[in-house]
Each structure stands twice: as structure tokens, then as C-alpha cells.
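As C-alpha cells, here come the structures.
The following pair of complexes shares a single chain, subunit A, combined with subunit B in the former and subunit C in the latter.
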Partner chain A sequence: MTSLPLVGFLALSGALLAVGVFGILTRRNFILLLIAIEIAMNATILNFVYFGAFSPSPAVTLMGQSIAVVLIGFAATEVAVGLAIVLALNRVRRSINVAEANELRL
Partner chain B sequence: MNWEELAFLALAVVALVTGVGALLVRELVHTILWIAVFFVDLSAIYFLLAAPFLGVLQLGVYAGAVTVLLLFGIMVTRKRIFSREAATGIGAVPLALAAVTFIFFVSMVGEFPQGNLPVSGIDPTLLSEGLFGAFGPWLLLLGLVMLGAVAGAIYLVREGRE
Partner chain C sequence: MDVFSGLFGVAYLIPLLMVASFVVVGLAGKRLPRLEWGGWVAVGFAGAAMVLGVLIGAGEMLHPGTWTNVQYTWFHLPGNGTGPTPNGVRLVVGTLVDPISALLLVVVTVVGFLVLLYSIGYMHHDRGLPRYYAELSLFLAAMTGVVLANNLLEFFVFWELVGVCSYFLIGFYYEKPSAASAAKEAFLVTRVGDVMFLLGIFLYFSAFATQGPAGTGGWAASGFVFAHGSTPFLAGASANSTTLTVAGIMILGGAAGKSAQFPLHVWLPDAMEGPTTVSALIHAATMVAAGVYLLAVTSVFIGFTSFDDLLIVAIGGFTAFYAATMAVVHPDIKRVIAYSTISQLGYMVLAVGAGFAMVGLFHLFTHAFFKALLFLAAGSVIHAVGTQDLFKMGGLRKPMRLTATAFAIGGLALAGIPPFAGFWSKDDILSAVYSQLGAHPAYWPFFLLAFAGVFLTAYYIFRAWFLAFSGDHPRDPTLPHAHEGPWVMQVPLVVLSAFAVGAGLFVFWPSFQGLLFHGLGAAGIPPTYGVTDLTLSAASVALAGAGILLAWRLWGNGRVFVLAESSPAQPIRRLLLNRYYFKAGYDWVGARGLYTVARAADFFDRYVIDGTVHGFERAFAYTSDRMRRIQSGVVSDYAAYVIAGLVAVFLLLLVVAPYLVARLGGT
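Let's look at the complex of A and B:
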């Protein structure tokens, strides 16, 4: 049976979340911003899978993996809406720099 | 150190390097290449954690669909696809906040069991039974959110909107 260190996995997802936070705070390009959000989101999804996989109870494993499936769907939806916003912003402003999108209307 | 730990270490290093690389390279197309490797790497981690269904889902949804969507976004928003981004400074405050996030998480790691733990997987049949049984309402909710997202996205990109 495979055995792996839970602590190492937790540190990995903490580091990935930190990378995502860093990207969200520094990047000004909308697409890079979406990518940073995806990195942070993936760190979260990984956590659900870890706690499911390292739990001896099959019910918890099932719950962790089910939540991960649903979250992957939500993350993909978020990218689709984000790109629609990118296209609309690009058509109106000729730029996808989020610093220039300073009005609530497009 | 057994081969699974070595595999985990290699995958973790690749995930961190590609994640940071995707955010730091100047050409957006290169960013997409880095992030595609990142997604494939995460799917390998799912396989390592005995979750093959999630691994395949990650490959299909992220490495496939999301990567192509992002590439499409770059294609339609710029005239020359290989043009470089203007350099944005790294900044002390974002770096400090990211460091605080990481330290916060690592400081909580001590509360969890140290050392190696056995990994238990689940049969994909059981997972699908759970998804359409106990987690059915969540899946339905996901479907409704996706429907709303499709409607919203079409409204946003519609031509001739004032």
C-alpha cells in the first residue's frame, strides 16, 4: 500500500496558494489574473483530495473526491465567465489591463 | 525514501516551478505553456493519491479545456500573439503577503499527524454512485450555475450591446 507524508502535501498546497495570492496582487493583465486565481483554486481542490485520500474511512474519501469534482466544475465555469469579461473589456477599452477598467460599466 | 516519496517530491517541485514561472514570464503564450505543464503535473499528483477519476478530469477540464480557452482569449485580444507584456514590478507588499500566507499554512501543519500515512483510494464506480446519490443536489447546483454562466457569457460578448 502506498504511504506518503500528509505534511508535505499540505505544505505544497500552502505554497501554491501563496503563489496564487502573489499573482493576484501583482499581475495587471486580466488573463494572468485568471491564471493566478486558477493556481489558488487548484491548491484548494488539492486539499480536499488529500484529506480524502489520507483518511481511513471510505465515506470521507468519497466526500473529498466528490467535493473536488464539483469544485473543478465551478473553477472551469469561472474561467469561462472571466474570458467573456476579457472579450467584452477588450472590445470596449482596447486593452485588458485591469488597472484601466476603473468604471463599473463596461 | 521509497519511490512514491521521490515521485511526490519531483511533482511538488515541478508544480511550484511551473506555477511561479507561469506568473513571471513576459510572453503570454509561454505563460500558457507553463500553466499547461502545471495542470498535467497536478493530474499526476491525483494519480499518485489513488484518485484516477480526478486525474482524468483534471487532464480533460484543465489541461484540455481551460488551457485552450486561455489561449483563445490571448488570440482574440492581441494583434501579435508573441508580443511581450510590459514588465510589472514584483513589489514588496505582495511578496510579503504571499510569504505570510505560506508561513500561516506551514505553522498549522504541526497539528496534523507527522510521518507517512497510508493512501486509500476509492473505486470510480463508488464515486459515481456517490456523485449521483448523496452529492446529487451539488451536481444539479453545478449544472444550474454552468447554465447561468453560459447565459451570462453570451450576454457579455454579444455584438451591438450598448
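Let's look at the complex of A and C:
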């Protein structure tokens, strides 16, 4: 485990972040947008885990993993709110295209 | 003290009566069952004002040299005991009845009443009658205000009011473009003089603020009030004489504007666009004389420096001759008389400049009557035949005997034939100026010009008389059959004729002499009738007689003198008819010079000042319009901005900041 270099893991989260940002910028479908946000967020969560694991201090390791768990919770909450908006939007406009929902209200 | 002197204290009733007339006729004139009724109301008020004015004049003659000053402090700016005005500045309004103002008051109210009466006949056909009477009432209120004012500032206020009334009345037929433009011209030209007058007041204030003339308590405290006593302020004041010379020039400018003296004379002939009655009252007898009155009052109460005196003599003497030359050729009966007015005002100015203010005012007094008479007689003619062109008239003597006689009497008075009024006053002026020639040789050319003007005066007024009245029939057969006007027009002619015959003889009446003597010490003394004066009188009467004879030779019995086309005098005639190209020159200056400046100012205002303001406005509008488009409401756009911002922050932290640290050092 420790033989693998940190930079490789960081490259993985960088790639995930890039995929997420790309999705955020290009997707017009609200659900795909949510998924892209999720991907980008997971890149962040992974970073907490890596840095915790690579730290010599067990306390920091533990803290990194704890924050990761909390952030997963945040992400789930966010998706729940996002999906609720998607449902409401779909009910009112019969469409979940974000480009059409540009009035900042339902 | 009797009832007369009690009246001196209530002289302010005269302007107030005319203001009341202005309000009543102005507001109710159109609602009265007949338009003339408004005229009769105004005539009634003017009659009351005339009674008061004449009583005050009589009182001043019975109590020679009385000064009655009634004043009220308008406001007082307290001083702090130091600085140029330690006692602060007190501005007062009030009336001062003294010999000079009593004399003028009689002229203004009597001529005003007669002209208003005459107007009932002359203007009866006009729809604007209530407006006419309201404006004339306001004019009389303002003019009596000028006469009664007891300080220069109040004088100036009323002076401006008569100016605006003059503007209204010149433009009375405002639907006529020539009348509207003449009104504007009169207003603008006199404005040049008025600005100078105001500057003159300021200069006098600055000259006398610290150190008032002896015995007056200082101008600063008394607020320009005309003080009692016959010593001009200048005699006792050791103020800076350059300031006083410039101030005198400014006052002269104001007087020249109002009294149509060279070079501000151009407006008066054009002012004849107004009704003839207005010309008679405002542009002959009263308002234009206000300039002479201003000069007289200034010379009495303040005094002029010797340079100013020379300048005044020069302008007066030159104008007296210069204006007369233009009257010689003009075909319009009213304009001939208008040029004559300018010329006669020149004589008055000449007298004031030579140090004989009261002699000038005496001529003002007689001139007011015979010039009003000439205008009203001309008005009768115009009323009868409907044209002002002398060359269309002729033979009017038979159908209009009274008018012809009145015009002839006015003409004889103007020409200076004894015993008519003009002879006495004009001869006083000439001999007064002559008496100064020894002390001031520089007056010689202007004395000679004025003397030559006597010949021209007699010639042009009788040329007009012969053209209009002599012969058998009108030269233009299409003229309507002439007839005399109604009695309201005839009575003023008769009364004014009586004055034109007799007003000059007043000078032998001791009470009237008292008025002139007590107006102001030495400057009021009419010349004695010694051998020199009698010789001068004989010479001037001979000149006038020669002028009349020449007029008869060329124009008498219906003759028309036509100057041959090949005559060497033709260019002179054209020069005179074109008024020495002065008006054209002013128009050029106005249209080219001032208009260019105005255009430049307009451009600056429109594109530089407004341009800056609007430029800012447009810049903000453009920017906000662009910025607004960012707010598309599309979530992905906002995400893109967030990411772009993030990238920018990273670039700043990772690239720019290290570079700067490396370049500039530090940590």
C-alpha cells in the first residue's frame, strides 16, 4: 500500500474532477448534471482519504476518513434536494433541461 | 406749509395710481361691455395722477428749493465696524420730491394723460385695446417711479421697467415681423446701456463706500440715496478719479442706450413700429428723456470728471448733428420725427455735459410738449390717410386744418423760431455751451456741429410739413379722403399746441425760474441774455429761417425735389438713407460675430458639457447592458463562471504570485 506514490492517487482524483467539471459544463440534462457534480465531489472526498492514509499520524488518518464519511452524507443530502427540484421541475415544465429553466423559479 | 407741501410726502401715490390702473384695465379690460371703457378707466387714473403731478409741480414752485424725501428701509445688512462698509449696507426705497423731479413729474403726467386721451380716438379700432392701456399704465407707473426714485438702485429698477414696457409697446403689433424684430432690437441695444449703467452704480458704490461725500453719513450707510444740497459729491470726495471716470463713462453708456445717443442710437427709428401714440409718449417725450435725466441727476448729485464731461459733450453734439442728417432724406413721416428726437436729445446731452444740467432739462421740458405734439399730429395724418409715406401724401392742409396748424406749430417750436417753446430752450443750450468754450476749447467742434444741426432741423421738419400738407391733392390718388379725428384726438393737439407755443416763455416766470435755479446751484442758472447771447440767437434764428426757406424752395406748394441720378450728392443720399450703414453693421456683428460665438457656445454646451454627461450615461448603460447578459439564469453558465473564477484564482496563486515574488523579492 505505502509503496504506491501519492501522486498517482492525486492524478486519479484530478481525472475524476476533470470528468465532473466537464459534465457540469456540458450536460443540459438535470440528472446528468447531478451525476457530474457527484463525480467532482467524490474526487474531493477521495483526497481526504489519501492524505489521511499517507499521514504518519493515526489520528490524522482517522480524521481524514471521518470527514470523508461526513462528506458522503453531504453529497447524499445534496442529491436528495437536487432530485426533489428535478421532480418539481419535471412536473411543472414537463422537461428537465436546465437551459430551459433559466428564470430562477418554477 | 400749506396743502401743496403736504402732497410732497404722498408723491408715491402717483405711481401707485398707475399701477392700480394697470391692474384694473389689465384684468377687467376684456370683460367690460365695450373695449373703450377700459381706455376711459386708464384715462381717469392718468387724470388723477396728472392732477397730483401738477399740484406737486405747483407746490415746488411756491416753495422753491424744497426737498421732501420719504423713505423706507428695504433691508439692512449690518456691518461689523471694519472693512470697506463699517456701517453695513442699507438699501432703501423712497420718493424724493425736489425741483428736478417736480419738473419731470409735470411733463410725464401731463403728456401721459393727453396721449392716453388721444389714444381713445387713435386706437379705437384695435382689438388689443385693454392690453394697450394696461401696458401704457404700467409704463406711466414706472416712469413716474424713475422720476421720483431717491436712490440709484431704485432708479435702475424703474428704469428697467420702462424698458420692458417700451419693449411690449414697440412690439404691440407683434404679429408683424418687423414690429417684433424692432422690439427685440430696442430691448437688446438698450440692454448694452443698462449693463453699463449697473456697472456704473457698482463703481460709484465702491468709490464712495468707505468715505461718503461730506455731510451724507456715507453712501454705505445711506444706500446710494441722493443727498440734499447743491454740491456734487465729487467736489467733496477724494475718491480715486480713475474709478469715477470709468463710472461716469458707464453711466453715460446707460444714458446713451436709453436716450438713443450715438453709437446706441439705432433702435429708436425702428421703435416707430409701435403705435404712433406710443412713439409720442415713450419714444419722444418721456422714456427716451430718462437718459438725459439720469445724466442730469448724476451730474447734480455726484458730478462727472472733466474727461467724462468732454465725452458727454462730444456724444451729445455729434449726435445732434448726425441724427439730423438722416432725418433730411427719410420718406417716412414718423421716422423723420424719430431722428429729430435723437438729435434733440443730443442737444440735451450736450447741455448736461457742458455743466448746465437744468438747461438740458428745460429743453427736455419744452421738447416733450412739442415733440409729443408733432407725433400726435403725425398720428392724426396716419389715422386719416393710412400711410406713413410722405411722398404719397400732399394737400392735407385743407381737410385737416387743425392738424396742419398743430404740426406747423410743433415744427416752428422744433426749428427754434421765437417765440415758440423750442427757441428758448435750444438757445439756452447753445449759449450755455458757448459760454464754456473759453474754458474748454475742445468743445468747439461739437458746438459747431450742434449749431449746424439747427439748420438741418428747420429744413427736415418743414420738408415733412410741405410734403404732407402743402399742394392741392395727395400725390397718391388712392389715398382715402382725409378727415380730422374725433374730439378726443383734437383736444390733446390743441392743449399741446398751447404748450408748444408757451412752454418756453415759462422761463420768464419767476416761480418756474425758481425750479431751474434750485435744481442745482450754478448748473441751473440759465444764461443771461447779454449781447453775445443775442447775437448767437440771431444767428441761430437766421439759420433756422434759412432751413425753412430752403425747404419751401424745394418742397413748397406741392413741389417735389428730385435729386438727379447723376448728381454727385447721390452717394451721400444713399449713405443717409442707409443710416450710415450702422444698422447693417450691427446686424452684421449680430448675425456673424455674435451668432458665431453663440453657435460655438451652443456647440460647447451640447457636445462638451452635455456630451460628457451623456457619455457617462451611455457608458454605464452599455456596461450594464453587457453585464446583464451574464445573468442568463442558466445553471451551467453560473457553473462555468465559478470554474473560470477558480481557474483564475489558481493561476494567480500558482503562476502570477510566484513570478511577482521572484521579480520583486521578499517572501
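Throughout what follows, the second predicted complex is superposed on the first by the 104 of 106 C-alpha atoms of A that agree within 3 Å, B and C clash if a C-alpha of one lies under 4 Å from a C-alpha of the other, contacts with A are read in each partner's own complex, and residues count from 1 in each chain.
Going forward, a residue touches a chain if its C-beta (ideal position, glycine included) is under 8 Å from a C-beta of that chain, and two chains touch if they have at least 3 such contacts.
Predicted model only: the values in this text are computed from it and were never measured.
**Q** Taking subunit A as the common reference for superposition, should the pair subunit B and subunit C be classed as clashing or as fitting?
**A** On the superposed model, which is not a single observed complex, subunit B and subunit C fit side by side.
**Q** Pick one for A:17: touches subunit B only (first), subunit C only (second), both, or neither.
**A** Touch status of A:17: first partner only.
**Q** Touching A:86, do we find subunit B (first), subunit C (second), both, or neither?
**A** The answer is first: A:86 touches subunit B but not subunit C.
**Q** If you stack the two complexes on chain A, which partner ends up touching A:38: first (subunit B), second (subunit C), both, or neither?
**A** In the superposed model, A:38 contacts subunit B only, not subunit C.
**Q** Between subunit B and subunit C, which makes contact with more of the residues in subunit A?
**A** B
**Q** Looking at A:72 after the superposition, I want to know if it touches subunit B, subunit C, both of them or none. Which is it: first, second, both, neither?
**A** first
**Q** Applying the document's definition of touch, where does A:28 land relative to subunit B and subunit C: first, second, both, or neither?
**A** So A:28 meets both subunit B and subunit C here.
**Q** How far apart, in Å, are the nearest Cα atoms of subunit B and subunit C after the overlay?
**A** 7
**Q** Can you list the residues of subunit A that meet both subunit B and subunit C?
**A** Touching subunit B and subunit C on subunit A: residues 21, 25-28.
**Q** Inside the complex, what are the residues of subunit A that reach subunit C?
**A** So the residues of subunit A touching subunit C come out as 21, 24-28, 33, 98-99, 101-104.
**Q** Using the touch rule from the top, collect the residues of subunit C that touch subunit A in their complex.
**A** By the definition above, subunit C touches subunit A via 632-636, 639-640, 643.
**Q** What residues of subunit A sit close enough to touch subunit B in their complex?
**A** 1-23, 25-29, 31-32, 34-36, 38-39, 42, 46, 49-50, 52-56, 58, 61-63, 65-70, 72-81, 83-88, 90, 96, 106
**Q** Going by the contact rule set out above, which residues of subunit B touch subunit A in the complex?
**A** Going by the criterion above, the answer is residues 2, 4-5, 8-9, 12, 15-16, 19-20, 22-23, 28, 31, 35, 38-39, 42, 45-46, 48-51, 53-54, 57-58, 61-62, 65-66, 69-70, 72-74, 76-77, 85, 88-91, 93-95, 97-99, 101-102, 104-106, 108-109, 112-122, 126-127, 130-131, 134-135, 138-139, 141-142, 145-146, 149-150, 152-154, 156-157.
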